[in-house]
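Shared between the two complexes below is chain A, which pairs with chain B and chain C, respectively.
Moving on to the complex of A and B:
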């Protein structure tokens, strides 16, 4: 599991995740993700298009990150999930606390809504 | 964990059976059932995210709250109320970042109506006696512990005589197969349409069927299957 962060206009970060978000995958990135995404306090749009698998530890990372960003006055939006990953997101009803969009442009539109 | 699970009920208007096979790494599954007064019967299953001692202990804590009905001011006949109270009691900020999914149902023997609610959990399934109709029972709610103040939706359904309810954890269907594929819920569901085991043993039948397709060795996650048959 890896990720990279790209600054966008308006002080927003695009976070691109790549790989399996299972326990080993999340363990591998969690500290760096928290430092690079959460500690900055910048609103983040998170690209899930290259996430091949999402398990409970991945869900936990999203919840804790989104709540931490919210505490700093920032937001998180997820987008681009595959059918399988979206199914997991739907089962846990994550959109009740983290907005989820089909693509980046709609993710950015949600931030402006 | 096994010592905390309720004894199966082999006779009466509501009969239960279960199969529990823990994964090699301690998991966070727990389930149970109990009578609620003279006319109601409650059943539930929880799945704490993650593995290890922490997840296992968390599942035991939740299970003990359920067994002792230790949710102040909560009507245990109301699934939405139970999930709401559990959510306030077990916020992940106060429990080492842990959250859990849950399915909870309450059956009224007088009306043959079951009220149920699920939180971040896949459906439980109600099978009619000829197994021609396998109905998913799920309400779309957030996992428990993610955010305080969230409300939980519940639903209800009528229970026909001789129906069977299947309540299970995702370890039942998230298995790696012998041919290198990853099974999902749609792969598992056809097993519920097969003729059930006679004279009990239905959860064990399903475990054997899953093990037959799974790769060699132990399953990756706890296998928890609770069946409830309504006479």
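Moving on to the complex of A and C:
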């Protein structure tokens, strides 16, 4: 599991996740993710298109990160999930608390909604 | 009937990856669909993490037995531990959060197991938990 952060216009960060968001994968990135994404307090659009697997440990990371960003006055939007990853997001109704979009342009549009 | 793959795992988080790779090697020649493999990996991760986090009170290392076999068109996963009794089929569904502020990330794993498995059965036998989860092979 890896990720990289790209600055976009308007002070927004694009966070590209790559790999399996299972327990070993989340263990590998959690501290760095928190430092690079949450600690900055920047609104983030998170690209899931290269996430091949998602378990509850990954959902936990999304919830804790989005909540911390909200506390700093920023937002997090997820986008680009595969069919299988989307089925996990749907099962736990994550879109009720974190906006989820099909692609980056719609993710950015949700930030302005 | 094939007795399947038998694994003896530690009750540590290392068990998740050990189990995943072994189950993948066992199932792939049997032609599971991509969706089936995703679901098997999800269910085994959530079941193992639940045992690792909740089954044992002491810090001593304990053993978790896992068995995976194919029965007709089904994949059957069985997990056994000697931890405190816990019947996940009787556990209440977690309340889904309505806002980030009241979101509690616990309980989601069990919800995922129930959703993605076609069957979940629990037995307490000889002071051991036995959880059997069935999923379609294709």
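Basically, the second predicted complex is superposed on the first by the 113 of 113 C-alpha atoms of A that agree within 3 Å, B and C clash if a C-alpha of one lies under 4 Å from a C-alpha of the other, contacts with A are read in each partner's own complex, and residues count from 1 in each chain.
Note that a residue touches a chain if its C-beta (ideal position, glycine included) is under 8 Å from a C-beta of that chain, and two chains touch if they have at least 3 such contacts.
Since the model is a prediction, treat every value here as computed from it, not as a measurement.
K.L.:
Should the pairing of chain B and chain C on chain A count as a clash or a fit in the superposition?
P.N.:
On the superposed model, which is not a single observed complex, chain B and chain C clash.
K.L.:
Should A:111 be classified as contacting the first partner (chain B), the second (chain C), both, or neither?
P.N.:
neither
K.L.:
Quick check for you: in the superposed arrangement, does A:27 touch first (chain B), second (chain C), both or neither?
P.N.:
A:27 sits against chain C, while chain B stays out of touch.
K.L.:
Name the chain, either chain B or chain C, that contacts more residues of chain A.
P.N.:
Larger number of chain A residues touched: C.
K.L.:
Which holds for A:92: it touches chain B only (first), chain C only (second), both, or neither?
P.N.:
Both: A:92 reaches chain B and chain C.
K.L.:
So, does A:57 touch the first partner chain B, the second partner chain C, both, or neither?
P.N.:
Both partners, chain B and chain C.
K.L.:
In the overlaid three-chain picture, which partner chain does A:8 touch, first (chain B) or second (chain C), both, or neither?
P.N.:
In the superposition, A:8 touches no partner, neither chain B nor chain C.
K.L.:
Kindly list the residues of chain A that each of chain B and chain C touches, one partner per complex.
P.N.:
Dual-contact residues (chain A): 23, 53, 56-57, 59-60, 63-64, 67, 84, 91-93, 96-97.
K.L.:
Can you list the residues on chain B that touch chain A in the complex?
P.N.:
Residue positions touching the partner: 49-51, 92, 97, 99, 101, 120-122, 140-143, 146-147, 150, 182, 184.
K.L.:
Considering only the defined contacts, which chain A positions touch chain C in the complex?
P.N.:
It is residues 22-24, 27, 53, 55-57, 59-60, 63-64, 66-67, 70, 84, 88, 91-93, 96-98 of chain A that touch chain C.
K.L.:
If you look only at chain A, which of its residues touch chain B in the complex?
P.N.:
Residue positions touching the partner: 23, 53, 56-57, 59-60, 63-64, 67, 84, 90-94, 96-97.
K.L.:
Hey, which residues of chain C end up touching chain A in the complex?
P.N.:
Interface residues on chain C, with respect to chain A: 13, 16-17, 20, 34-35, 38, 41-42, 45-46, 49, 96-101, 103, 105, 108-109, 111-112, 115-116.
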